[in-house]
């Protein structure tokens, strides 16, 4: 059904960044996360994405993360690296560092913080892509960037070979579907959904892969989901997706009176990985708070219902 | 795969409202639209929705529309009627009128124009549902109403029997999927997607029906899509959806320098129906402008590509 | 300092709409509100504005309100009437009714609920203005309408004699100031601020008047503020404004866990007027809730601090 | 009228960052900008603000800017430095660097890119303030950060001595006025408006200073405006403000079809400074485009009308 398989496709989880009690990157835990994911059958790793807490990590921490992930991956799967900065020159610095440290591709957003313009976004991606030696994917995440990449802009950048794909966290499945159709004939252009709850539906529509934050917790589940879709068994894909959708309820456990959506979601992934014995603790970066014991208990219960404990 | 079939399900297009040159409801054309849709195999009709130009029609025009649609439908399919007003008392007036004129159900949004609150939205739906004798469906359309119905609120209203369903035009497919799971055990609760480009994907996820504006133009296409999904032939469903997604490009034909998205979309549906000989002209309500001859030509070309001419 | 005095200028409060326990217009209380305002020295009355609960009143209720206000005003001050509906034809119905019932001017917004476009907004105001015999003022209230009237659009409509003024509730004081400069030479064009906390500042910048919801509670205060500004005594104007800013804290008394901003603000004005003996009760329209006894107590305390009790 | 004068008050322009043709910091031009501002009578300098292109400058460029400004200022006026990064740890890095290089105060925003929460924003400012030895001011700029600092949050941080002031670019003059009243008794707490078009009005309301981007172009004008306000000559203040409001039209010169609001505004300031002979060229950072010759001509004409050429 999917006529072509781009280089970056399949299950590509955005790797969480475990931290020590004092906020440093917990290298041993991060190595175990990579092992857990590759053991779960993923097709790639996306380091330094939103789920990787990239917006909270200093440059030095980001470099540590990338070194650990690239080394732990050991060439078994490609490592995509986020280069998330406000504008072009700052992105270029991070992107060059990522390439130097072994990233297979760089993922970057439109400019943010500053007000921007379609012509500037276009120039931004072209400048970044022209300056580095690995493929560039666009990260479409309006909830963070506060602008949406238009169908016209992505289509043109795909046709011109500037972008190798899009990681779509826009929630705009209509445009996502239209982009699949628009770029059908662009060799190796990858459309990856970031919405872990509708992966089956997006694969039916022609998506080439998923970047599920929840994949940190249950990589095997996403592996089974993708395999079912690939063989056309949509009944099985849907059943697996429904189970994963229930598991995704862990992101809504934290008390919204004291936690942002980011703290709630990141905290849930880390807490689940702690309960599963993959990472040492559920520390998150300031100014977020970690999940409490009571919240941890509720996450444990959801993991059990999903068959993970 | 879909364990239950709610009363309001399947293909339920939001019926466009043809107008005469001087802006009156074009009764003969509207009758032909209804015939075209029922002949196309639809399962229900949604009169006075956004695609029905409800926000542009006076009370008297709305009553004419409902009379014509109910009579032309002749009981062959249920007629859902939009009751779109800013707040509760005003909605009640429209809803009672709709029931008196034969609507099978009423579809209404959260309060708009005024700032609102979840407790007020909850009370709003409960008050409306308690006051009328037909089922009430919630219309979730943040692009118009500027608030999103939360999963918690809809879940509670479903469980309490206040709502009979949701017409989802929110673009938030994650919440839509979660609602499907949350209301799985609520008898006769219908989740209908308003996004004509991803109907196959939403049906895979468990949606009970679609409310496609584009269904005015090609009801047979949505009939085939739903039938393929119902028999589990997702390859056929996807192929039909891809064709319809291309056809949906008609909504982007109008020059955005002089037309709103509403004018562009409504104008396209009406222009296509004119070209197909169903309605007499593509007049839209003030302050929108109709599509030009050049734009009409481009729509004709898209209809041909989609095999409709 | 203010070179010219447009017809609609000075203190023009948006008149609240008192309700009986069963939600009908409380005619006797409304007559007392009008007397209270005219006795307080206001220069005009704005009936059926947002503070007048217009979005909650049925057509029949709106007509009652206008009849009562026009009659009670008795020609002592002009009565501006809101014609707040989603689009042009519906606005025209309300506007014509308002003129027939004695309104001196009509105040209307850009289209809402529907997506709109600058060219459509322009056509909307021109169509309304051409169809009625009294002046039309634009109501710029993005928090309700979700679009902002641009400087270019208002400037053109002022220059062409389409609009007689703007009631600005946009919170965009920069554009408001620029509009004052842009329309300096347009005879009789009125720029009225709807922000009761910065009236002194806006008058310094050249505003011709204010439309303060809080003016329902303390018309004398706004009278003194305007008079001080008119004679160039900015120290006195500022002191009066500071007192009124403190009084405005009544709008933040209601518990935000159960009241929208609208319920909190409208409820506060009505509760204060009840405590002052002007209206009989603080009932608000569904789906809003009235302020509680505890909240009423806090409002009473603020009234005392402001010297009103 | 202003009972107290906080340490950071008066005219504090956000210093633009001149660039060479190849995008490096143009040190000589930047030195001239500082001289131009101090010569114009400003009370402080805000380096690395939005008008300083901070979101476009690499860490190294930012350090160069700060070194040049601190040295050129030579202790004549305090230098405030922006520390604009997505979250706490990253802000801390920039803030410590700024202190080490001689900044008198640090200005920082709420977290951005990531979704955030009031409790997190509160913790963010407290963490930053506790970690550095100079005062911290909050930068309230929702157009960039996409959250608004609430009256409650700022009031608490002021009362607790965490914040030394607010640089308000929120456009929410109502909350700004309320904050002035709320913090009236907090020693040395500064409320500075970032809206160059309404400085007279904000000073009337009790603001302690302004941070006008346009002050780069005409520091003398803002000096005169502040001085008039300080002596209570509001007629003169208003006249000067009106002239400056007209001058501010330079920010709307660039063709919006190819320039963002940021490119248009920053480009205008730099172009004006080029025409005035202060800086060498109007280069802006990628992905923005510089203003064209035609646009430069229009800016020249506006400068003439304002009496600057």
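Labels for the chains are A, B, C and D, by order of writing; each one numbers its residues from 1.
Methods note: a residue touches a chain if its C-beta (ideal position, glycine included) is under 8 Å from a C-beta of that chain, and two chains touch if they have at least 3 such contacts.
Please read these numbers as outputs of a predicted model, since none were measured by experiment.
Any chain that touches subunit B and also touches subunit D is listed here: A, C. In this assembly, the chain whose C-alpha centre lies farthest from subunit B is D. When the interfaces A-D and A-B are ranked by C-beta pairs in contact, the top one is A-D. Inter-chain spacing, taken between the CA centroids of subunit A and subunit C, is 49 Å. Chain geometry summary: the mean Cα position of subunit A and that of subunit B are 34 Å apart. The part of subunit D that touches subunit A in the complex is made up of residues 23, 50, 55-59, 61, 84, 86-90, 93, 111-117, 119-121, 123-124, 127, 143-146, 258-263, 285-289. Of all the residues in subunit D, the ones that touch subunit C in their complex are 1, 171-174, 177-178, 181, 195, 197-198, 200-202, 204-206, 232, 234-235, 238, 241-242, 245-246.
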